[in-house]
Amino acid sequence: MSDLNQTMAARYQNNFLKEIEEQAEMGEWVKMCMQCGLCSGSCPTNFQAGWDHPPQEIFMMIRAGKRDEVLKSNSMWMCTSCYNCYVRCPRKVPVTHVMHGIAEYAYRIGQSPKNQPTQHLSKTFWDNCTKTGRVNEVKLTQSLYFKDGIGAGIKKAMEMQAVALGLVKAKRLNPLEAIGIAHKCKDIKGIQAMLAKANELEAQRKAEKAKA
Amino acid sequence: MADVKTAAYICKGCEIDKRVDVAALAKAATKSGKMNIVREHDFLCSAEGVAMIQNDIDNEGVTHAAICACSRRAKTDAFNFPTTAISRGNLREGVIWIRPDTEAARETTQEMAEDYVRMACAEVKAMQVPQGNPNTGGVKTLLVVGGGMSGMTSALEASKAGYKVVLVEKTGALGGWTAKLHKRIPTREPFKAPEDNGVSDMVARIEADSNIKVYLNATIAKTDGSPGRFKVEIAIESGAIANEDIGAIIQATGFTLYDANKLPELGYGKSPNVVDQAGLEGLARDAAAAGKPICRPSDGQPVNKVVFVQCAGQRDTTGTHLQYCSGFCCNTSIKQAMYFKDGNPDIDTVVLFTDLRTPGNGEDFYRAAQNKGVIFSKGVVSNVSASGNTCSVKFKDLILNEEVDTQADLVVLATGMVPSSGPELDALNEANRLAEGGDEGAKEQVVQMMSKSVLNLTYRQGPDVPQFKHGFNDSHFICFPYETRRTAIYNAGPVRRPMDILQAQEDATGAAMKAIQAMENAGLGKAAHPRAGDLSFPTVRLEGCTQCKRCTVECPFGAIDEDAKRFPLFNESRCRRCGTCMGACPVRVISFENYSVNTVGSQIKAVDVPDEFSEKPRILILACENDAYPALDMAGMNRHEYDPFVRVIPIRCLGSVNTIWITDALNGGYDGVMLMGCKHGEEYQCHFVKGSELGRYRLSKVGDTLKGMNLETERVMDVEVAITDIATLPQKINDYAALIKSFPPSPFKGF
Amino acid sequence: MTSVVATNQTILVVGGGISGMTAALEAAETGKQVVLVETNPYLGGRTVQLYRYFPKMCHPTCGLEINLRRLKANPRIQVLTLAEVTGISGSKGNYSVSVKLKPRYVNANCTACGECGKVVQTEIADEFNYNLGKIKAAYLPSSMAYPQRYVIDSSIIGTPDAERAKAACKYDAVDLEQEEEVISLNAGAIVWATGWQPYAAEKIVYYGYDRFPNVITNVEFERLADPHGPTGGKILRPSDGKEARNVAFIQCAGSRDENHLRHCSRFCCMGSLKQTHYVEEAFGDAGKSTIYYIDIRAIDRFEDFYQKVQANPNVSFVKSKVARITQDKDGNPVCNGVNVEGYKRYATAHDLVVLAVGMEPAVKGMDIPADVMSDSSGFIMADPANAGIFGAGCATNALDVNRSVQSATAAALRAIQVVNKVARAEV
Amino acid sequence: MARKEYAFYPGCSSQKGASASNYLTSVESMCNTLDIKMTEIPDWNCCGASVSYAESGELPRTAMNARNFALAESNLPGQDIVATCAACWLGSRESKERLEHNSGLLADTQTALKEAGLQIKVIPEIRHMVEVLIEDLGYDELKKPVKKPLNGMKFAGYVGCQTNRPFGINGESFENPMYLDKLIETVGGEAVPYDQKVTCCGGALAFSEPEKAQAQIKDIIEAAYDGGAEMIVTPCPLCQANVEVYQGQINKKYGTKFDIPVLYYSQLMTLAYGGTAKQAALDGNVVRARKLEEFAGK
């Protein structure tokens, strides 16, 4: 992983903006920001702790070439995908997607914070839903709880017991899913093949971009 | 002159007849007013009322009419009798609307009304119908000084309207700064890319235009005369003089860039890689000519990074550099950054600014630049240093809140514009004064200053157009941006205020409009703004003149020169009819046909001044007709009451107030005089620019006169009035009246 | 039937604001015949609804008075108020134009004595004051109104109120029989000076203009500060009439925003800087102003005005586009956002929030009945295709007053070029 | 033959026994009454949801959605795809837009689809259930079948994010959409005004950053109570689950006493149309809506 990081760093000799424009999904929008701060002010998490850098500041940092600070930042991972910034931006910058794109890139080249919970969720979710074509909510929940090891997992599970029980009572949680008896697509093979191809092509495209 | 036949018309409408005894008013008009005809009418502004007056004019030979009804500002279309001298007695807004409808008030209200009738009669008898300037030029050729974008535009637009133009350019080619531009800021949708500078096309159109005569390598040696009859001497390359008869003049002498050598801290002069915006245009043009990308001046190597420093030596609050913003530089840096990006997107271009100023559709241009990858950072540059072939730019990043040091191959300083106006007249006149006193240094200075003169006017008040602020030429600025203190001489383009090409072209078109208008009106003997169309003009009884020069010094428009015998020489078509000369004249030999020492003086005398036992003081108010008088009118419309002992006379401008009016009033037993004029000073609101200021200066001397008469100096009061003081002005009047009542009655009553 | 004398050497000016009046006067004072068409019952447009002008802090009515005097003294201008151009046919040098005239229900006999206003009982929203107050349905729009003639609001036609007005008028000035009419006239050239309208603030939903009484617009604030406005010049906030001593100004309310107005409206920065003076004028050191901005665009000679305001300790500047306005329990609007200079979050309560709404061309949406090019923001573009129809003032760009006057003066010459050509051809 | 037919995309959470199964049940009852035929897209797969952004690249995510498009189009030609879940709707619509505006992406997607033996010819319209109700039927049609108006009941219409942004319901503002309030009123309920109607519930962070998410949920519920609401109504399964199931934890953490039922619009409509508590899947609510249960019993 980290060598991919070095390759990129080398390839873009500290032209971080260019790197983001070419490598991060929607990265080409970063340059359009005029620093009005509407996105930062519109973020629902804005008035809570945890945002070390709001979107408009991340954009400015990218322009200023602060590569490590940006890639290692927690900020992109705080996005709730509420799209407030996205619909309000006076420059029509798709802020939500740009933040996702930067996060994905940081993660791809191994620069994102270790054990970033949302990142873990993201991966778990994707693995989960691509495994059978559909989400297995119980397994998803389990793997999320147990991400920090059995102990923490049980603790969390206990905390959440009331919630879980409520859902079970309400027939909205099917314990059987835990042992894999759950909805899945019939053509799982096809889906896997499709995704394999998609991943292969995607990697290829990004490499091409970087070479150009 | 035809026989004088006077008439007074008294309107009973709008409840005038309910509030005052109209018969008594008629009596006043007949007895004290001594009018030949006196008529009352129920509804004077009605068709019948107007017909009645017209009939008297046509069939009774009435030449002078006092219309006693509403304010002179009301019903102007009805009471419009161009061939007859007209005065208006303001019985409505001036009397019944500002007095309470009570039995107690009835007597004083009646007295007020009668006085206004007497005053209207007295005034109209002292008036003549203006006959117009006998001394018109009628030349319809426009002189444009300066062959840059503004000048060329004025010339082409005037020609398109059918006028002849003489275009004088001091260099060997037309085009000015714009010709030096590689490209210009876009002028139309989609505002995304620089455009061709458009100069060659305009030059071609000018050369092909038979209406336009061009002098290159030429300057104005001398400008004599007046609107409609300027005699201009043009010094041409050969050293010879060409003479042109000119009707009006446009000064479009443009600007120079602020001298970047004054900015060593920004590295200018320390490295060829630090240039100003003009320098960059030069590099761009050469590169384009050579078909190569813009290279680094120091070693001709390719440029990988350019930093643009906005507001270099501009928006300065320390007093060292330019205080103003030049308005065009943000767009220019954007354009110049595109020179690089359009050629090679991989070149880094960074614009360092504090406020990015791209108004209107400039916002599209800004977005286009961002889209092309130009980076904009809000930051303050503290230092640019150069070592070898690279520069390092130190700045405070205001967004990320940190000090940054960035390297660049090329640094462009946006230094802004300095107007190419002539010498500053106050300084020049001061130098002249000292020089006449034999000061050698001053003589030097005068020569040096005169060498900068653009127009070389032979005007008594100096060779060029007065300046307003920051060395930009005169402009009334908001409502009437073209108005200068030199009639028929207009400024166009950056010499008037900082502006970009597009604005300058718009401005130059407007200036052409004003110049054409000035020529047309000069030819008809009509005044220019703000008394547009006024046919009256000052006449002087030279036999009474003491050659004191006050009129020639004070005229805000430099209309009065001195002849060989040092008598004032009036250039009527330069005159704006403000009456400042009349106010200044200590021997009262200057007057206008419809506005004179007498038209006002006789009104003052017409007022009935009760004796000292009556406890009815009289207070004279001389009110500027542009702001104070309308404010009083509107006070009436809004039924704000004020003291019944005041008598208001509208004046053209505080500058036209002759102190004799004040002394006459006081000698005549008035208890006080209140003068109402517009704000003066830097943010002046006087429509004659200096009128209220000069008037006030004159009045500041009245104190001594009062002392001489043993009167309290407070008996003469000067108030600054804005047209919006509708509610506050009555209060000021009442306070003043209270003050006057606290004094003993004027000892001069009854004399 | 209203009759208008006009030929193909006449210049038609559409819009009687400062641009239209300027174009009309400059042309007429150069000897041209002009017809000036205005939709309001009075001339002067939006400038007369301003309390003061920047940068001189002088009063718009001062210049209006001069322009009205020029107008009254000039027989070449025919003014049509309550009039609207509904159709233009023909071409450069020979247009034929139809104009719709709405009834004023008051004729030229009116002496503005005000008797009708006294007897009429119905009150209507006071448009001159942006509906911040009410006026009688028989009214003089303002003390500076020209023509100086009352208007009877069509809403009371056919009611006893209208009859009362008629009865009260001794001069047969009230004419309730007046009907809308359409007249047609000739023109050689046309100057289109229909000006601008404030951007509809309620469209910026997160500012709650239509939800919070103490969020108002910059044009409304002008009326609050004006001694002749609905509050007599006292800066009182709408919700409870409390003195608004702590005022926030939000720049780019609509402007520079691709979701609203793409362009920068140019005048709003100076407008808000000017309005901080109103707060100071009213409350001295007890008055506090905060300007939330992206860039302060105090262009060219206006810069020193900005510098003076910056030096004022009672005015603070925050580089931030406010993200959301909420309202606290005391009815104070609270500005929420992030100061991007160093990323500082804020949630600041003010007595009153003034939205510096941008300038939208009035031509936008109005179908100019001829082939006139306009740009993506709806402003009329200078374009050869525009032949004999020329934009002036804010119909052509986001302009401040003196630039509008420049633009209008230029437009007058362009129109004159056309009619002079016609004249030369006919000689 | 029903008056309207659609290709139904229930999405993972709306399956039997999944977290939004009660949504599914009530939608089915509602559609029966309105004579809308919803045919499930055979073998549909997960949309990937926005939260998967870090692991899934653009192409794989698009491919997942494209597979659904291809299946719908080949099996249910000419029918719009209708999603009940905000995330599914958003994910699908985004993919549709990108495929339509990015030929490169389309080509790659086709290549990938081929591996699953599929291909896209036409991309069907992607609709949200709510769009179908108010655009294809209209409030008047929705009102007609109302047998038991929910008179006197106060609801906070909670629109949340993804049914509202970035696409939203046509003609509605992002900041203050009215359709949900109108739906509530259509079935006789009262929609209370409150200022958190479109605030994010933090759903995406519910697992990873529970404190943050719960802090946002708390604000929403408080505002609903302040507005005088007895119940909250939402069109989004994620919002429903989050706002409902964490109330207990929030009460623990903040000492609040939240106990407010969170329902789907489809549950209200089912009841107003005279449906039973079972048809409205009231038993599927963790915070039981007693008032409605009684109402249904009557």
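When the chains are written out, they are named A, B, C and D in that same order, and each has its own residue count from 1.
Convention: a contact is a pair of C-beta atoms (placed from the backbone, for glycine too) under 8 Å apart; a residue touches a chain by one contact, two chains touch by 3 or more.
If you're wondering where the values come from, they're calculated on a predicted model, not measured in any experiment.
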| item | value |
| --- | --- |
| A-C or A-D - the one linked by more C-beta pairs in contact | A-D |
| Geometric centre distance via CA averages, chain D-chain A, whole Å | 23 |
| Computed distance of Cα centres, chain D from chain B, in Å | 67 |
| Distance from the mean Cα position of chain C to that of chain A, given in whole angstrom | 50 |
| Approximate Å spacing (C-alpha centroids) for the pair chain C, chain D | 47 |
| Set of chain D residues in contact with two or more other chains | 174 |
| Touching two or more other chains - residues of chain A | 34-35, 57, 87-88, 91 |
| For chain B, residues contacting two or more additional chains | 378, 399 |
| Contact pairs between chains, per stated definition | A-B, A-C, A-D, B-C, C-D |
| Touching residues (chain side chain A, partner chain C) in the complex | 34-38, 40-42, 46-47, 53-54, 56-57, 87-88, 90-92 |
| Chain B-touching residues of chain C, taken from the complex the two chains share | 18, 25-26, 29-31, 53, 56-63, 65-67, 69-70, 72-74, 108-109, 111-113, 140, 143-144, 148, 170-171, 226-228, 256, 262-264, 266, 295-304, 307, 319, 340-343, 375-377, 379, 381-383, 397-399, 401-403, 405-410, 412-414, 416-417, 420-421, 424 |
| Chain C-touching residues of chain D, taken from the complex the two chains share | 173-176, 195 |
| Chain D-facing residues of chain C, complex | 205-206, 326 |
| Chain D contact footprint on chain A (complex, rising order) | 25, 44-45, 48, 50, 77-84, 86-88, 94, 96, 100-101, 103-104, 107, 112, 117-123, 125-127, 129-130, 133-135, 137, 141, 144, 159, 162-163, 166-167, 169-174, 177, 183, 185-187, 190-191, 193-199, 201-202, 205 |
